[in-house]
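Note that subunit A is present in both complexes that follow, paired respectively with subunit B and with subunit C.
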Partner chain A sequence: MSLSNNVLSVASRQYVYKLKANTSGVYSLIFIQVLALLFSLSGIQSMSSASDTLIVNVKYYSGDIMIAFTFIWIFFMALRLTSINYRTMDFTLVTNRLSSHLSNVGLLLTAIVFGGISSSLMGFVLKIIMYFAFDRSQIGVNGFYPVVSNILLGIITTGLYMTLIASMGYLLGILIQIHVLFVVLYPSALFGLARVNPQVLKLSYDFFASETSPLIFAIRIILSSLILFSLSCLLSNRMEVRK
Partner chain B sequence: MSIIGLPIAVVILVIVIMLASKLVTIVVTFMSWRKSAIIAGVYLLGLILSVVIAAVLPNNGFGLMERSHTGGSIQKGDVWVTTYPSIRTQKDFESQPGLYLNSRQTFKIDQGTVKLGFAPNPGHFQIYVEQKETDDGKIDVLTYSTPFYVGDIDYTKLLQPPKVTFQDGLLVIEPVRQTLTLKLFKTNFTLSQFEGKNAVNLQNGLSSSFGWSDVLLRVPKSTEIDKGQNYLQYLDKD
Partner chain C sequence: MTVIQGENLTKSYGKILALDNLTFQIEENKLTGLIGRNGAGKTTLLKLIAGYLKPSRGEINVFSQNPFDSLQVSANIIFIDNQMVFPAAFRLDDILTEVAHFYQNWNAKLAHGLFEYFSFNPKQRHSSLSKGNQSTFNMIIGLAARCPLTIFDEPTSGMDSAVRKDFYRALLKDYLEYPRTIILSSHLLSEVEDILEDILLLRGGTKCLHQSVLELKEYALGLKGPKQKVLERLKGQELLHTEEFAQGSLYAVIKKQGLTSQEFLKQADLELLPVSLEDLCIYLTDNSKGGIDHVFKQ
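== the complex of A and B ==
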């Protein structure tokens, strides 16, 4: 009991230290979200169709690019936490592997909360810019005005996706620590699988992205992330002390 | 995105993130964690404010006040093709689901010279003729449009009616060339998956229904029509 309390208190102190040391991540997130906003202004999807007398150009706008960029950001944040520099920083603190992982996960969850809220709300900045900068007579009003329940669901879903992506990035980081060859092996395996048996990738994609029940979706994401984080802990326990 | 395009996009993004992190390193030199936390808070506050601003913006000025079709049995698709053979009477014509009357004009005609002609190549029109019971010296031209959908939304009202002129016994129906630019909001994929749409399913776009024009001519009883190359369908009395 006292041991677990000790680990938790050490991990929470480490979390505070690491949070202070990593607040700079905010700037890179703001930067890529603003960049994504600029990309989004040209639309995420467009279509044209024509008959003899009618030409129709349709452009769709959404916050998808901003959310996708935030996913990539959290992946690299997770990957960075397992890098040599950050692991060396751990040795300046009183720590063990477990408390280090717990504080890292805490840090990632903080980043996920911030990233999930900001990327979901960034879509409204896009809408406001469109409202004032574009010819409003061409804009469809459907989907323009905020609905609180949709905003909340969007934030939670984005956060859940980010948790899964962060756990994947964290695992990749640990694998790279075990052997640097995983830098190449991991994407090659995914690419190879996509070529040889795309059905497997589609199934794993559908397992999350095609789930229509928010509760089941949340359970799937949380369980998968827990498995991936646990795997990271297990694998890192087998590593040398300062590798 | 093509199989080559995606990796290139990812590589570009990774380079951008690396450059951003370098930039961040420079910025961080001058920033304490407190300042960073304040900036993060201000950023979030700004985003929350943007939701409030979006909520209170007036909705006048939007050109596309979209409406979902409530035409009961109407199916998405080309009504002109699917219903054409069943139109025999004026009642049939008026009861067609989704037909939208977009112009109505009346021209006075000289009873002595009641020959009408159509300009060549009038476009994709189906022309129906109803002979009135009397010789009132007037020809009514009613133009209709069949439904025009983008996705599930009916934009038929945006279609311009054909230009109709009558001069020296010649009725000219000219299609109006029109370019429609629609800017539509799509639900984020993190939400649309709970609406039963697959996150990467982008098929729910432009439908095949393209808004053809139907023209109804109501002509005096004794009026003869020189139809030229055009096919006219005469409507029976009920």
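== the complex of A and C ==
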């Protein structure tokens, strides 16, 4: 009987294994962000007003689409990790349910670091393109030139949101494993909740999005993600594999 | 030491009963064959042992603990079947390198030796291998992992007969060099009976018998001769199997139970035939007496 088999050591071995197996995830990230960059080039909002003598045309450009696409990317990454194929991959080798989840979370956190940094930096690619594509005098200077602390804050915030989204995707994946009907139930429960009690959704939005203190915001997101991930673990604890 | 112990093990899928009150135990460092018809519950039993499934009732213990969700058991088991999945990004040589980190007894020399012997292309992907080659590759992993409990579920499916023979030989050699508990489930008993020590025969989810191969070879006796004479001679014996031939001739198989062949040799027109293990297991697991012939008689 081998002795060196505590959960953490196995989970870290699984993490390395999965990291090597999922290097192609970087390509999908790059693809999605380049795609988002192309969408962003046309501007996300424009406004124009005209009088007899003057026509004003204002166009907003922003990296929001890139962030949004990265959110979608991490959601599907999390969803994919719970698929039967990935589970069978785990249970082909040494694992238990906890170590499998831990290594998945590790992999997702790595993806979040990549996605958070790259999506925030993609905003600069957009700015650089703007800088050279337009007459400088046409650019609204406010907030155009980067400040290091803002970049860091942007990366961390994006990463935290991605963590929350990943934990939601992961939970959805586990629920789908329990019953396929959850594909429909999960979103309809959210929409239903919003219709029956619109306050709830607004409150939860405020809970995460309107917090001004970065520390409290971080704690809220981390705690919520932890709760969602633990729920996923609990729900899958009794599940049979490789049926 | 008992490695696996099953107590009234029952497993049902909805209304279908796959295993029914199975009680058995498997000792350490034995090469056991799990034999049974299609749907006898072989795979279900193996997956219960590996901790993939949960018993509906009863108890299973592997290395004295419940295998379900047990990391300790998982680390000491390797389960080889044709449903193993490896990451699509890995080439075959990557798989051999990466899998090695999970098993502390991993024998890289053996793995690479077998890998080259079966002339795999290291750059190929696991999913692009043919079915037989996948089985062969999985078998290499199963042998090289040298887990205290190694489970092969139909390991030879898709392999051609040359590879199957090589596999049995490799399995036996490695087992002798590094004894461990091995369970091998197979349809092809005639091929594996030479390497097995014990046989666990399942019928309809229950244990039919669990004996050593040597005992089983002495288990039954086949008798052929004119129908009347055979029946007369075997009166009072439990017939395991009867088969009628042309001209009123009958072939009957009975439990030996200490009978010696001398007792039958006095009657000149009775012919004594050995019963192969494979035939014996078919007779023992027959659902209805008379076999396939019975269908055509009606």
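The rule we apply is simple: the second predicted complex is superposed on the first by the 230 of 243 C-alpha atoms of A that agree within 3 Å, B and C clash if a C-alpha of one lies under 4 Å from a C-alpha of the other, contacts with A are read in each partner's own complex, and residues count from 1 in each chain.
In the analysis below, a contact is a pair of C-beta atoms (placed from the backbone, for glycine too) under 8 Å apart; a residue touches a chain by one contact, two chains touch by 3 or more.
Bear in mind the structure is a predicted one, so any value in this text is a computation, not a measurement.
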Partner chain(s) touched by A:10 [first = subunit B, second = subunit C, both, neither]: second
Which of subunit B and subunit C A:146 touches, first, second, both or neither: first
Subunit B versus subunit C as contact partner of A:88, first or second or both or neither: second
Larger contact residue set on subunit A - subunit B or subunit C: B
Touching partner for A:99 - first (subunit B), second (subunit C), both, neither: second
Subunit B versus subunit C as contact partner of A:179, first or second or both or neither: neither
First, second, both or neither for A:131, with subunit B first and subunit C second: first
First, second, both or neither for A:237, with subunit B first and subunit C second: second
Contacts of A:20 with subunit B and subunit C, given as first, second, both or neither: both
Common interface positions of subunit A, toward subunit B and toward subunit C: 20-21, 23-24
Touching residues (chain side subunit C, partner subunit A) in the complex: 47, 52-54, 63, 69-72, 74-76, 79, 83-90, 94, 98-99, 101-105, 148
Subunit A-facing residues of subunit B, complex: 10, 13-14, 16-17, 20-21, 23-25, 27-28, 31, 33, 36-37, 39-40, 43-44, 47-48, 50-51, 53-55, 57, 59, 61-66, 123-124, 150, 153, 159, 175-191, 193-196, 198-200, 202, 205-206, 210-211
Of subunit A, residues touching subunit C in the complex: 1-2, 4-7, 10, 13, 16-18, 20-24, 85, 88-89, 91-99, 237-238, 240-243
Complex contacts: residues of subunit A adjacent to subunit B: 19-21, 23-28, 30-32, 35, 43-45, 47, 49, 51-64, 67, 69, 72-73, 76, 114, 117-118, 120-125, 127-128, 130-131, 134-146, 150-151, 153-154, 157-158, 161, 206, 209-214, 217
